[in-house]
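Dumping the structure here so I can ask a few things about it.
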Amino acid sequence: MTTAPEPTLWSTADMARRAAREIPAGAIVNLGIGLPTQVGDYLPDGHAWLHSENGLLGIGPFPYEGDEDPNLINAGKQTITVVPGGATFDSAASFAMIRGGHIDLAILGAMQVSAAGDLANWAVPGGKIMGIGGAMDLASGCRHVIAMMQHVTKKNEHKLVRTCDYPLTAARVVTLVITDLGVFQPTGDGFRVVELAPGVSRDYAQARTGAPLG
Amino acid sequence: MTGRHANKVVASVAEALAPMRDGMTVLVGGFGLSGNAEALIRGVIERGVRDLTIVSNNAGNLGKGLALWLKAGIVRKVICSYIGNNDDLHTRRASGEIAVEITPQGTLAERMRAAGAGIPAFFTPTGAGTVVEDGKETREFDGRRYLLERALHGDVALVRAHTADRFGNLRFWRTARNFNPVMATAARLTIVECDHLVELGALDPDDVHLSGIHVHRIVHVPEHENAFEYRTVRKRP
Amino acid sequence: MTTAPEPTLWSTADMARRAAREIPAGAIVNLGIGLPTQVGDYLPDGHAWLHSENGLLGIGPFPYEGDEDPNLINAGKQTITVVPGGATFDSAASFAMIRGGHIDLAILGAMQVSAAGDLANWAVPGGKIMGIGGAMDLASGCRHVIAMMQHVTKKNEHKLVRTCDYPLTAARVVTLVITDLGVFQPTGDGFRVVELAPGVSRDYAQARTGAPLG
Amino acid sequence: MTGRHANKVVASVAEALAPMRDGMTVLVGGFGLSGNAEALIRGVIERGVRDLTIVSNNAGNLGKGLALWLKAGIVRKVICSYIGNNDDLHTRRASGEIAVEITPQGTLAERMRAAGAGIPAFFTPTGAGTVVEDGKETREFDGRRYLLERALHGDVALVRAHTADRFGNLRFWRTARNFNPVMATAARLTIVECDHLVELGALDPDDVHLSGIHVHRIVHVPEHENAFEYRTVRKRP
């Protein structure tokens, strides 16, 4: 019996780079806290407009040392800058943009994504409640939602599943899932394989996915 | 692959209005003749579209502003709050040529604010116990009577701004602001006519009245009539 | 039989001056189109903040000749100025102020006021429909509503009535009525006489009022 | 006879907070530690009120901001969107000392916007099909599911502004704006702590972010800590 060589899974940088390719020029994008925030590092200057739900459209790079302003932060409370053409507004206006469908794309971290595109990313059953923040508004309000996550948990449990058993953030909203194994599209019955990381076979991915790959 | 927010500045009114089609619902900023997108309003007639539903507080006055559309016969329906002495609208309403739906001014504004903010319906006290209630769901909250009003969306909004940058961040001038920002949020396609066009970064982030997220096409129109309705003055001392 | 001398009724200027006395220092006031707008002429500089529903708090006097700006107007579309401390905003924010109860007082023209405080001021039955404008929002949203009008119509019909037969603007909102005969307060059953113009007797006023004066 | 809008500027935090009472619902601006009314927050503890319900996106963090109230034991209930690593709230929630109601952030903002705008209730898509739906009325509009959410009013709002004039016209700085303006509209009594106090007329009418109609007391506090949560930087080239 031969053992297939272990594939080289995507690093978080690979995932962020891949996610950046999904962003059209001139798009309005909200990058969730954590891994999705890194996607911004792979966007050419001026390519897209990054929205921060605490009240800014036009997030720039981190400030130079010494230029940090504690009253200029992103939704993850990191100090940031504003690009030329950026604008500030209040929370009601910011979430009106989100709920009103004015954000083209949200890229959000995820705990589980179902074959129907349901997203669970705010609470672990039995775990400490961290809160909802802007997750539900972003997931249900943005025109497209990309979920970014490791393909399985640290205990090798499936995260791409038939039906989420974690509390939902929003139902039927995820249009694409980017993991360390590749890119997958919820189809209702399962997930369509859009792309696989180098050396990842369909069987390898299927074994780690809780719904049929198509 | 290019999103909706690239290259918004167009060279002409005709290019700005190219996506307009017959039968569209058009939100038109302005209060009376103040804050009117004058060149876009004229351009729609040249564009040759018809059967329009217009949403406007006044739908023109003194033969100016949207009164041009009424006279050109391209309007099927008007949703407004006030007719007043807009005789072009009175006569066409009386003849049945144009259907007129009159809505309280604040409800008109809030219905578009709801549309822009993803709120499909809301309860309001305005109009409770009046004819505005007719055909609408009512409900009491804490002993007071409210009506359920629905969001009002537009296919296109025609907006007049004082200053725009190339992303469409807008500033308005004095009471020319009125319905312009809220209409910009409520339409699938928002077209802005600005007196001044500036580069990205010329506006401080805290000085923007309306984010360019709500703007899709921008045309720079330096000259405007800015018609008076009532020129009231006092003597210099 | 002796005939009582005809009383001297209040002029519109008298009515405006009397209405101005109802405005506390530092109040936020919306003056309706027409007669109520004149009330502003009898307020000391800086006494109150005048709101214009088209998007301004802090209406100043008419501009000096040559300073008129067609994009700086009141709700009656008259050219105006802004006082120091005035601020502009959009129609949605302006009516949020009105509906949200942030305006202390509206002084509005009226066609009929009922003993219950119902206001009719936007349409004459069978007449040309001029529209509603901001009337319903102001009447139902402001904390207090004062109605200003001639006490009877040109045909001597009552305008202070038991029940309005004109289409209502809002129900149970008027707290005070100022007419050319005096000042009256709706009580539910009738109107309490607060003040009468010089030489106006209670009988004279009662004969011209469609509900009992108390 | 003096209205609510005369003589708003007070000399001290204590004077500004004098109307506060036990059991009040207090809306507190800020997102994390940005845009916090730091002196008013400290002053409430000195004021000695308790049993407060606080509405805040985060209710403090890192032991700062509203975490001071949590530690002082003057809070009965928190309505917030996110706890995160606010351990002062986690421990008091776990012990049952403080009730915590978690609301989606946009719904939190919109409920206060509704309160300020005289809207008693509105439908929203946020939370449909989730636990947020529990106990709420739902309805479909045009085939999509929405929840009915109620307006959220405060007795008092504590607001941080960058600049205030003596009428309370406000300007905010960058993302310190966040919940401050909408909370100012939603409370019966809005108390503002400003970095800069200017005379009437110093702000152009078009440069005001929030009208002083929503402000009742103003205290000038020139110095602030403005604590960082995550100080992220890049190297200078």
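Labels A, B, C and D are assigned to the chains in the order they are written; within every chain, residues are numbered from 1.
Just so it is clear, contacts are C-beta pairs under 8 Å (C-beta built on N, C-alpha and C of every residue); 3 or more make two chains touch, one makes a residue touch a chain.
In this text the structure is predicted, and so the values were computed from the model without any measurement.
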What's the overlap between the neighbours of chain C and those of chain D? B
Farthest chain from chain B by C-alpha centroid distance is chain A
Distance-wise, how many Å sit between the C-alpha centres of chain B and chain D, to the nearest whole number? 32
Taking the mean of the CA coordinates per chain, how far is chain A from chain C in Å? 56
The distance between the C-alpha centres of chain A and chain D, rounded to whole Å, is 29
Listed in rising order, chain B residues that touch 2 or more other chains are 110, 113, 117-119, 124-125, 172-174, 177, 205-206, 209
Among chain C residues, those touching two or more other chains are 56, 82, 88-89, 95-96, 98-99, 141
Chain contact graph, described as a line, ring, star, complete graph or other shape: other
Which two-chain combinations touch? A-B, A-D, B-C, B-D, C-D
Chain D contact footprint on chain A (complex, rising order): 52-56, 61-73, 76-80, 82, 88-92, 94-96, 98-99, 118, 128-137, 140-141, 167-171
Note which residues of chain C are touching chain D in the complex, please. 24-28, 48-49, 51, 56-58, 82-89, 93, 95-104, 141
Can you tell me which positions in chain D touch chain A when the two form their complex? 31-35, 57, 61, 80-84, 90, 93, 100, 102-107, 109-110, 112-113, 124-132, 172-182, 209, 226-236
Sort out for me which residues of chain B touch chain A in the complex. 1-7, 113, 115-119, 165-167, 169, 185, 199-201, 203, 205-206, 208, 211-214
Partner chain D, residues of chain B touching it in the complex: 110, 114, 117-125, 141-142, 144, 146, 150, 171-174, 177, 205-207, 209
